[in-house]
Amino acid sequence: MLEHYLRERLREKGILLMTHIVLGYPDFETSMNIVASMVAAGVDMMELQIPFSEPIADGPVILHANQRSLAAGSSVRRCLDFGREAAARFPIPFLFMSYYNILYRFGVERFASVIKDSGLQGTIVPDLPPEEGAEYMQAMQKHGLNPIFIFSPASSEARLAYVASCARGFVYCVARKGVTGRETRFSDQMDAYLARCRRATNLPLAVGFGVKDRRDVDFLRGRADIAVIGSQTIRLVDEHGPGAVGDFIAGLR
Amino acid sequence: MLEHYLRERLREKGILLMTHIVLGYPDFETSMNIVASMVAAGVDMMELQIPFSEPIADGPVILHANQRSLAAGSSVRRCLDFGREAAARFPIPFLFMSYYNILYRFGVERFASVIKDSGLQGTIVPDLPPEEGAEYMQAMQKHGLNPIFIFSPASSEARLAYVASCARGFVYCVARKGVTGRETRFSDQMDAYLARCRRATNLPLAVGFGVKDRRDVDFLRGRADIAVIGSQTIRLVDEHGPGAVGDFIAGLR
Amino acid sequence: MKHRGYYGEFGGCYVPEILTSTIEQLDEAFCAARSDPAFWAEYVRIMGEYSCRPTPLTYAENLTRHFGGARIYIKREDLNHTGAHKANNVMGQGLLVRRMGKKRVIAETGAGQHGVATATMAARCGFSCTIYMGALDVMRQRPNVFWMERLGARVVAVNEGSRILKDAINEALRDWVTNMDDTHYVLGTACGPHPFPEMVAWFQSIIGREAREQIQRLTGSLPKRIYACVGGGSNACGIFLPFIDDDVELVGVEAGGRGVATGQHASRLSAPGAAVGVAQGYKTFFLQDGDGQMRETHSVAAGLDYVGVSPILADLHRQGRVRFESATDTEVVQALELTMRAEGLIPALESSHAFVQAFKEAPRMSPDESIIINQSGRGDKDIFTVADAFQDPAWRDFITDTARRYANA
Amino acid sequence: MKHRGYYGEFGGCYVPEILTSTIEQLDEAFCAARSDPAFWAEYVRIMGEYSCRPTPLTYAENLTRHFGGARIYIKREDLNHTGAHKANNVMGQGLLVRRMGKKRVIAETGAGQHGVATATMAARCGFSCTIYMGALDVMRQRPNVFWMERLGARVVAVNEGSRILKDAINEALRDWVTNMDDTHYVLGTACGPHPFPEMVAWFQSIIGREAREQIQRLTGSLPKRIYACVGGGSNACGIFLPFIDDDVELVGVEAGGRGVATGQHASRLSAPGAAVGVAQGYKTFFLQDGDGQMRETHSVAAGLDYVGVSPILADLHRQGRVRFESATDTEVVQALELTMRAEGLIPALESSHAFVQAFKEAPRMSPDESIIINQSGRGDKDIFTVADAFQDPAWRDFITDTARRYANA
């Protein structure tokens, strides 16, 4: 079980790292190399984004990666195969991340069944609030998968409690308003927010949106359980090639 | 008296010729040469047009002559001087033709006084119907000048009678609708119109608008008293120079 | 014709003899229509069902706050079908044309608004239509030319004279004297020979009649002042005349162009350059030289770029009943900019002249007083002129790219 | 939120968690406004005083005669301030923004009409304003971009995705999730997450409420059919919904583009290419591939060039209550041409889609029956597109000369 795995790992490390890549960007072979480097550098968990043409929650970096991957011809089928292969080759948990339409078109139940069968642990669907997710949650539950839900700084206590009641595995706390990839100020305000998150659930807390270097990770240590590195690794690959990823990850903690 | 002069001349010739020039087009010297050739060729009377910037009753040929004359700097004063010189040099009657604003700005009474003094016989003002012409008619009468009014094919019998009652010297019958310079069909219809004009007044009748060659003049012989040649001589000067005017006029009758 | 349309010493009917009977027929049709209450009712109905009359009187809350003086109300002639008050006159004359049984209409146009309105009326009424437009105006109001042609009108660019509004009027008159049997000349402003000034002012008086009722409903009283731009004078007559017997100050704003001192303007009543004269069929103040030749005029607004002015207004000027002011091109663009940003309204460059003067005076008035500005039209048509005035680089790039695309096509 | 805005299986509220409270606040403000009769009265008053509501219902006598069938009536949303029905929605949301105390608005726009309307509302209400517009639409609707900027809005050309309407919506959503505290997203059509479809349709229902009263007053009975073009579906919802319980056939017309067989179109309900999906915050029929990726769409009308469609209409489609048809680019230009010449009306290219289908059906109907076409906007904004469609040589010359003048300046 994902939650159990995370707690075990947390006992060894002060904070865990989850990284994010867009499948098929710049191509599937490179994607697999990046996964390999990340795992080798000690990443604890990975989000594999199945590209979507309308990624409303993503900022320019991930948005372009989505578009480039699609333009290069990546398909949902190819992404699922990639997930299966990654889960088979590497010893860390993998999650799919995508927008709801990808699951919906594929068939939500079928999607859950396929990823379970492929050895993945769950999914993050940023445009699917729990209210709209009855079918999704049922399918995830049936297949023993983790529907990762999201806390936001704008959520009321009641809302945090409601989202927490639907969450499994861990909760993804977005660090701030806005889309992925922009700067985040990890400050006192964040402290109060994370304390509210902590009060709302016993599940491990992942924090994402704008985490980009060791200082950010250090800030999160003790306040959250998982630091999520998204756009920053894509930028790194864009600028310095996939080879740079290993050192970067290794230096974060 | 103009009417008397015309009747005298008519006794000798079957039909009289009146020609029209735009003063200062292409320049005043040429204008005077054209007058000389016309008189030499036997023209019986001449209209000297003082150019105006808004000649609404004139078609393209005369319109452009107006504009070019003004552009070359001709003034009302210069035109009046020209009339004085022409009247002094040549033994035929001269009329000024212009639009009412020229007279109005100059002062109608003063205008009449000046042209009388210069030896001209009257004026044609195509945008001044008798209803608007009280001051004008009074000034003309005072100075023994002829206000030439206009009959049109659209005028009712009552209208012809009213216009006739204001007319002195002769009446100018426009041959058709439209502005100067376009083709006119001298046909049976014209016959009826001229007969109506004849019934409306005892004054000599001049016919203008579109008279351009001997055939047209022949048609008018017996039906009217004066054939008016306007745009056609300007065209001739434009195409063949002022020298061509004499032969053209001589060949009309 | 019982009377010849004099307003004091101004007006009259100075037309070539050939037009006499046509004008008489028009005058008769007009008089009959005016004395028939059913005609006005039919006119109001059509303006309600085809255009959107009554047009609103909009309270300009932000401008009022900005200037901190009089309460500013804007009469929204820009909302008329085809985008200006010109629609009123044109639909009214269209009804008369039907009564007279004619089948063809002609018109002059400066800003192109009257041309578009006439072409529209002709399409709707099934008349054939020719529009005369100075070649210079064809250039500066190209979008309107495009729509006139699409509406089925023939647009003739007039290359005579100064190639602007007055020259278009001359050409239209030349057409009319040729084709008056089946053709009506839809004159676009309260100028020209009688009965045009009276007739156009009558149709346009729908503006003032509405505004009078609206301002009383909204404020409980009459306005202190009313501002209207003055080209030929039709929108000004339209909003002024229904207030003529009231204690309301009426302010006409003419085109000050590059400044009246430069001579490049079209201010006939608010500046000393003009003199009484007779042209284009009527007597009024014209910008002319000592010989009586018409002068060149200039305005950023094609629709105000005219040498003459309504004889009705010339008379009201002489009586002191209407005050005349002028606004320069530069002031006009500034007033337009402010009005867009403050109220989300885009007055035509013509109309913006009225805004300039109102903006000068409003601050010195009391918040208890209200004023009305007549927004005679909308500024969409002016996009090429306004883009140039703002020196908009994106617009230039767009035009350049479009031209390149055409070149490669 | 009591309910999440489902119409049958369509609609919902699929937004990132960060927006949840913002949307809840909006929903509350909307519900409060809707249950407060004073709010609607205030809305109607503003639309009467700032725009020109009620807009007329014009009897198209010439088109009726031309087709010899049903009596054709045209609802004149083109006469709204800013030139389209978009003004209704925007002024309504502006009132809500005031209630919520926000100071900034953002919007997407396709044809630019919604952008101009929003920029106008923002100027009038004193909000700061950013408009997102696909880079392709920025090119084809340049005049509207120009006016948005002059009205004080920042226009952001979106170079993502297909660079059209849907991409502008994505960018607007990205802005919103960043700035929702002080910013309201003025969605321009009856799409997007709940409560937008319901709210936009409610504001736009002013069209149908007026039309229902007008047609009964003019003809004594209800129309047989009503035609509206369908981009996102707001003008269609606006005119259809007040007739939903009546025996009136409702016909939505989508963009057929180069023909639905070519794949280059935006027909989501009238052609088999679309499937149910979830994007841009709601569930409806989208033009998408088997994986759920949105397809490229095409229409000569920027405002119809959209992958999704109102969930309200998707449901009415499934119920069989509204019939959907499509019109090709070519048919649209022909219908536009005919309408200009016959009635002097210039429908927007979007609106012309509704005319196409009405023209196909009117001849087969009886003169006892009447139909209403919703003329959602005016075509002035389309001058560059229409000039190209007509291959107008004078327009090309004019653009080329203007470009040359810019080059030499």
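We call the chains A, B, C and D, going by the order they appear; numbering starts again at 1 in every chain.
Heads up, the rule we're going with is that a contact is a pair of C-beta atoms (placed from the backbone, for glycine too) under 8 Å apart; a residue touches a chain by one contact, two chains touch by 3 or more.
None of the values given here were measured: they were computed from a predicted structure.
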item	value
Centroid-based (C-alpha) most distant chain relative to chain C	A
Cα-centroid distance, chain C relative to chain D, in whole angstrom	33
For chain A paired with chain C, centre-to-centre distance based on mean C-alpha positions, whole Å	65
Euclidean distance of C-alpha centroids - chain A vs chain D, Å	37
Junction residues of chain C - those touching two or more other chains	none
Per-residue overlap in chain B, given as positions that touch at least 2 other chains	none
Touching pairs - complete list by chain label	A-D, B-C, C-D
Complex contacts: residues of chain D adjacent to chain C	48-52, 55-59, 62, 76, 79, 81-83, 119-124, 126, 139, 142-143, 145-147, 149-152, 337, 340-346, 380, 383-384, 386-387, 390, 392, 394-396, 398-404, 406-407
Residues on chain D engaged by chain A in the complex (per definition of touch)	4, 12-22, 160-161, 166, 170, 173-174, 177-181, 275-281, 286, 288, 290-294
Contacting residues of chain A [partner chain D, same complex]	52-57, 59, 63-64, 67, 70, 75-77, 99-102, 104-106, 126-129, 131-132, 149-156, 159, 163, 174, 177-179, 182
